[in-house]
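There are structures below to look over.
Two complexes, one shared chain (subunit A), two partners (subunit B, subunit C).
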Partner chain A sequence: MKRALNIFFLLAMGIWSLGPFVWQWLTSVKDPAAVSRIPPLLPDMPIWTNYASVLQNREFMRVIGNSLAVSLGALGVALIVGSLGAFGISRFLNRRKHLALLTLLVVFMIPPVSVVTPFYSLLVRLRLMDTLAGLILIDSVFCVPLVVWVMVQVFDEIPDSLYRAARVDGCPAWTIFRRIYLPLGQSGLISAGLLCLMFCWNEFLFALTFTSTYAARTIPVGITLFSGQFEFPWGEISAATSLVTFPLLLIVVFAQRYLVRGLAGSGLKG
Partner chain B sequence: MNGIEMRQIVKRYEGHPVLDGVNLSVSPGEFLVILGASGGGKTTLLNLIAGLAFPDSGSIRFAGEDVTRYSPGRRNVAFVFQDYALYPHLTVEKNIRFPLENLKVARKEMAIKVDETLERLHLESVRRKLPHQLSGGQKQRTAIGRALVRNPSVFLFDEPLSNLDPQLRDHLRAELKQLHRELQKIFIYVTHDPISAMVLGDRVAFLSSGNFRQVGTPEELYHRPALLEVARSMGYPPVNILDRESWLSVFPGPVPDSARQVGIRPEDWIAVEDPRGLFEVDWIQSVGYAQFVSVGFLGGTLWASVEKGTAVRVGTRVNLKLSGESPMLFDGSGDALPADREGDQ
Partner chain C sequence: MISAKLKERLIFIGPLIVLPGLIVAWPVLEVLWLSFRNRVQIFHIDRWVGAANYLYLFGEDLRFASAVSNTLYFTFVSVGLEFLLGLGFALYLRFSPEREWVKGMMLIPWVIPSVVSARLWQWMLHAEAGIVNYLLQSVGLTDAPIPWLSSPDLALHAAIFADVWKTTPLMVLLLYAGLLGIPENLLRAARVDRTPPFRMLFCILIPQLRPAIATAVVLRLLDAFRVFDVIYVMTGGGPANSTETLSLYAYRTYFQSLQFGYGSSVVVVQVMILAGLTAVAYRLLQGKNPAAAGDGPGEFHPRRTEVKE
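Showing the complex of A and B:
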């Protein structure tokens, strides 16, 4: 009985969260004429024309490239700056450590909308409007604290005696970071990195506000621009969405272990 | 002077002095044990010698050279930590090579030195294993190997044997002593365990409340403690301490006027069966080679030994008799009275 109940709730949860994805995928392989008709729920024959037209769309390819550049760029900045920051906080701040971490947490607490205007004027002054570098900079603002949070937890678990041993063995702090802390914090770095990637890949508000051409538009923005003034090409939108959610799906399936650890480390403890 | 000279070392944490004007000389090739309670500044002292922390004032000299402000890398000291601090992601071989890489030693020379060290410490068979795959003894040897490979002038040990099971601990103590004989380098070993201190040290330095209270051979600390505190910390069963009046009530006899407290080791006090004796045995404790009895006295407990084959049982009435060793005498502040004054008055 209890088992049946469990299965029921699991199924309900599954349909609730996976349903939209399945629906979207089904839409992407339907004949455009049949999109808004139910039944049939399932198409007789999947058709791939939507995918073909998305993949031939130069602008959309550009958008995918932009998203890759922004995500990987911000990821790089966040991993380097964040892990160094975490090393410093974990190693050298004692009583002020908590304060430092709380300050970083504030970055997550502020609703993004409230910082759009200051970021906007900042990017204008830096002449980084509508550039990949500008988006990398803004995304880093959110990714660096994320990496710091995860990595401080990881570095805190490395025994003090390892640091002292390496000092006695003649290492400067930089070498200790590179040769002891980074290798030991590897799995934490992967967790933090994946969370950053997901954040950057999905980030919409800033990407929309700070871009005006295809020079820097990212996927979430690009997809909204699929719709023209009078028509909604649902098939193509769905195909594009399915394409770009696929990498995230892979991450979730194959790197679940790291994601859980990263989320648990940064959110629940601390 | 080729040893270590520390002069007037002061180290404070948050205004509170952890080390308060410490002086210490260690001769070349000496095995010195620093004995003291946890939190008494032992580890701080090691950190200062290693260069992991700097004193607020005072100086440290190695072989005459002032190293007070040198970074750890420049001092050529080796540090063996309580948990050994082996790098968990590196094999035994790479752990041992690690310090050489920082010294920019040529690759060929590095390989030769690592091989030599592995061989000397009998670690060749585990050279490609990771620390978590090693036995306790192998871990200690790897930690020592990592220290040894640089040919340091000083070895520092921070209670590395304290958390081990007794059999392994004895084995590792023996290994450590053997290694010291071979290397003839300065070993400074910090511990809170008086038995380790007595077994290992050429000399023992007793550290308490930020300063050395007595430095001497283990026998000196045991038989002629400079302080009540030192007497109390050495030996098991613990030394008996009686105030003057209680002592005189049991042993009427000459005690110098300035002696406020009298101490006597359990092995110097023999319990002899006597139906009209003052004491009643309430516990017999055998440590194998000897037996000790505890008797209640004025609300406290006294320990004494019994001779082999005695009929003393729990509940037996006994008297206590001195076995020849004269009692230790302390003044009101816990300082030992000078030995040469005993019996003068």
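Showing the complex of A and C:
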């Protein structure tokens, strides 16, 4: 009885989480002419024309490259600035630590639309409109707080005596950071990094507003702008979304542990 | 001269002051300042209007009022549903034989871009070709296809559904971490006493979980209140502005009517409502009960929670 209930629950959860993806994939391998006919639920034979046309679409390929560049760029900036900052906050700000963390949380929680116009004029002034560098700059504003939150928690757990002992021996703070803190905080960096990658990969409003050509558009913008001449090319959209979500599914399955730890263990507490 | 000690600290803190610091502080001030101006760049209008924007906003702007009510409705309904579902999932994960892949599967909707999940649901809720209507019709629950996205009464609910689907995993994660933090002794004692499950839930688990619930719900409130992606992609604010939320209204004021001054006052009010909502929610959920304190749930202190692996 208990076992049956358990299986039922697992099944329900599976359909809830995966069902939409299965349906999307089925749509993507249907004959484009028959895509909006239902029934049949299942195509007789998988047809790959949608994938062929998406893969030949130069703009879509560009968009994937842009997303990779923006995510990795912002990740790099955020990991450097964030881990430095987390060390500083964890070691040097005693009384004002909570204030600093709270401020960073507020930054992270700002509705994007409320800062979109000043960011717009900032990017215009820096001549970074419609460039990957511009998006990297803006995304890292939001990724840095994320890294700091996760890393402060990790650094706080490293015993103070270790730091003091190194200081007494005349070791400069920079070396302590590089030789002791960074290596010890490695798994924290992975968690924080994954959360950053997710943020940048999914970020939509800024990528939509600060780009005007395919020079810098990212995947979410590309998918939104995907439209046909007369009606929505649902088959191709499904193929495109299947292509970009598949790697994410793999990442979740393999790196789930780090995501859970980054979020639950610390990160967004408060 | 900067002292050596300060210099050493600046290496670490300095970048933070520039990167989120200045890059965020300046825009916030600029938005505040702009909200008292009338600026429409293409007509070369740019002048100080005092509180006129705010007076219009609160006095006459019916579209703003409906955006506020849509946003609040979206926020409360979706966070409420996510909480109930999330608590259920979290309890299941905590008290079932633990399997890593179940957690992985549960997380999947959360990692995909919200634009993708919006497209997914837009397609599944398609009036003629959507699988949802097909299934409903073949089970016999409805005769005619339901126009999920083109009916003003249903469209907002469809968007809420898509949001619940995508963000419930985050709620599960945070609540699950909270459940893992409950001391095993407490649960064992309750089991020895043969506490009925219902009482176990309401008298032990939920009170113990309170700090985690407060965090999770406040986090989701903040996030749901600024909803943009799902609505922009699924309905574009329509039909007849019935799904227009504050973020979308502000966005359209900025980039469709190009009124940068008025748009700024909309976002200022949005942030103020958000701040108020957060404060109230945190107070309510945290409660005045210091029993669960220990390491001070009121403090913004990254708490250590053991996560089993």
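To be clear about the criterion, the second predicted complex is superposed on the first by the 250 of 270 C-alpha atoms of A that agree within 3 Å, B and C clash if a C-alpha of one lies under 4 Å from a C-alpha of the other, contacts with A are read in each partner's own complex, and residues count from 1 in each chain.
Assume contacts are C-beta pairs under 8 Å (C-beta built on N, C-alpha and C of every residue); 3 or more make two chains touch, one makes a residue touch a chain.
Note that the coordinates shown come from a computational prediction; the quantities given were computed from them, not determined experimentally.
**Q** Tell me the contact category for A:234 with respect to subunit B and subunit C: first, second, both or neither.
**A** In the superposed model, A:234 contacts subunit C only, not subunit B.
**Q** On subunit A, which partner's contacts cover more residues, subunit B's or subunit C's?
**A** Touching more residues of subunit A than the other partner does is C.
**Q** After lining up the shared chain so the two structures overlap, which partner does A:157 touch, if you call subunit B first and subunit C second: first, second, both or neither?
**A** second
**Q** Check the residue A:167 against both partner chains and state whether it touches subunit B (first), subunit C (second), both, or neither.
**A** Only subunit B; A:167 stays clear of subunit C.
**Q** After overlaying the two complexes on chain A, where does the subunit B footprint on subunit A coincide with the subunit C footprint?
**A** 172
**Q** Can you check the complex and tell me which residues of subunit A touch subunit C?
**A** Touch list, subunit A to subunit C: 6, 9-10, 13-14, 16-18, 20-21, 23-24, 27, 35-39, 41, 77, 80-81, 84-85, 87-89, 91-93, 98, 101-102, 104-105, 107, 109-119, 121-122, 137, 140-142, 144-145, 148-149, 152-153, 156-157, 172-174, 177, 198, 201-202, 204-205, 209, 219-220, 223-224, 234, 237-238, 241, 244-245, 248-249, 251-253, 256-257, 259-261, 263-270.
**Q** Show which residues of subunit A lie in contact with subunit B when the two form their complex.
**A** Subunit A reaches subunit B through residues 159, 161-162, 164-172, 175, 179-180, 183-184.
**Q** In the complex of these two chains, what residues of subunit C are touching subunit A?
**A** So the residues of subunit C touching subunit A come out as 8-9, 11-13, 15-16, 19-20, 23-24, 26-28, 30-31, 34, 89, 92, 96, 100-109, 111-117, 119-121, 123-124, 126, 128-131, 134, 165, 170, 173-174, 176-177, 215, 219, 222, 225-226, 228-229, 232-233, 247, 250-251, 254-255, 260, 263-264, 267-268, 270-271, 274, 299-305, 307, 309.
**Q** Would you pull the subunit B residues touching subunit A in the complex into a rising list?
**A** Result: residues 47, 50-52, 71-73, 77-79, 81-83, 85, 87-89, 98-99, 102-103, 146, 150 of subunit B touch subunit A.
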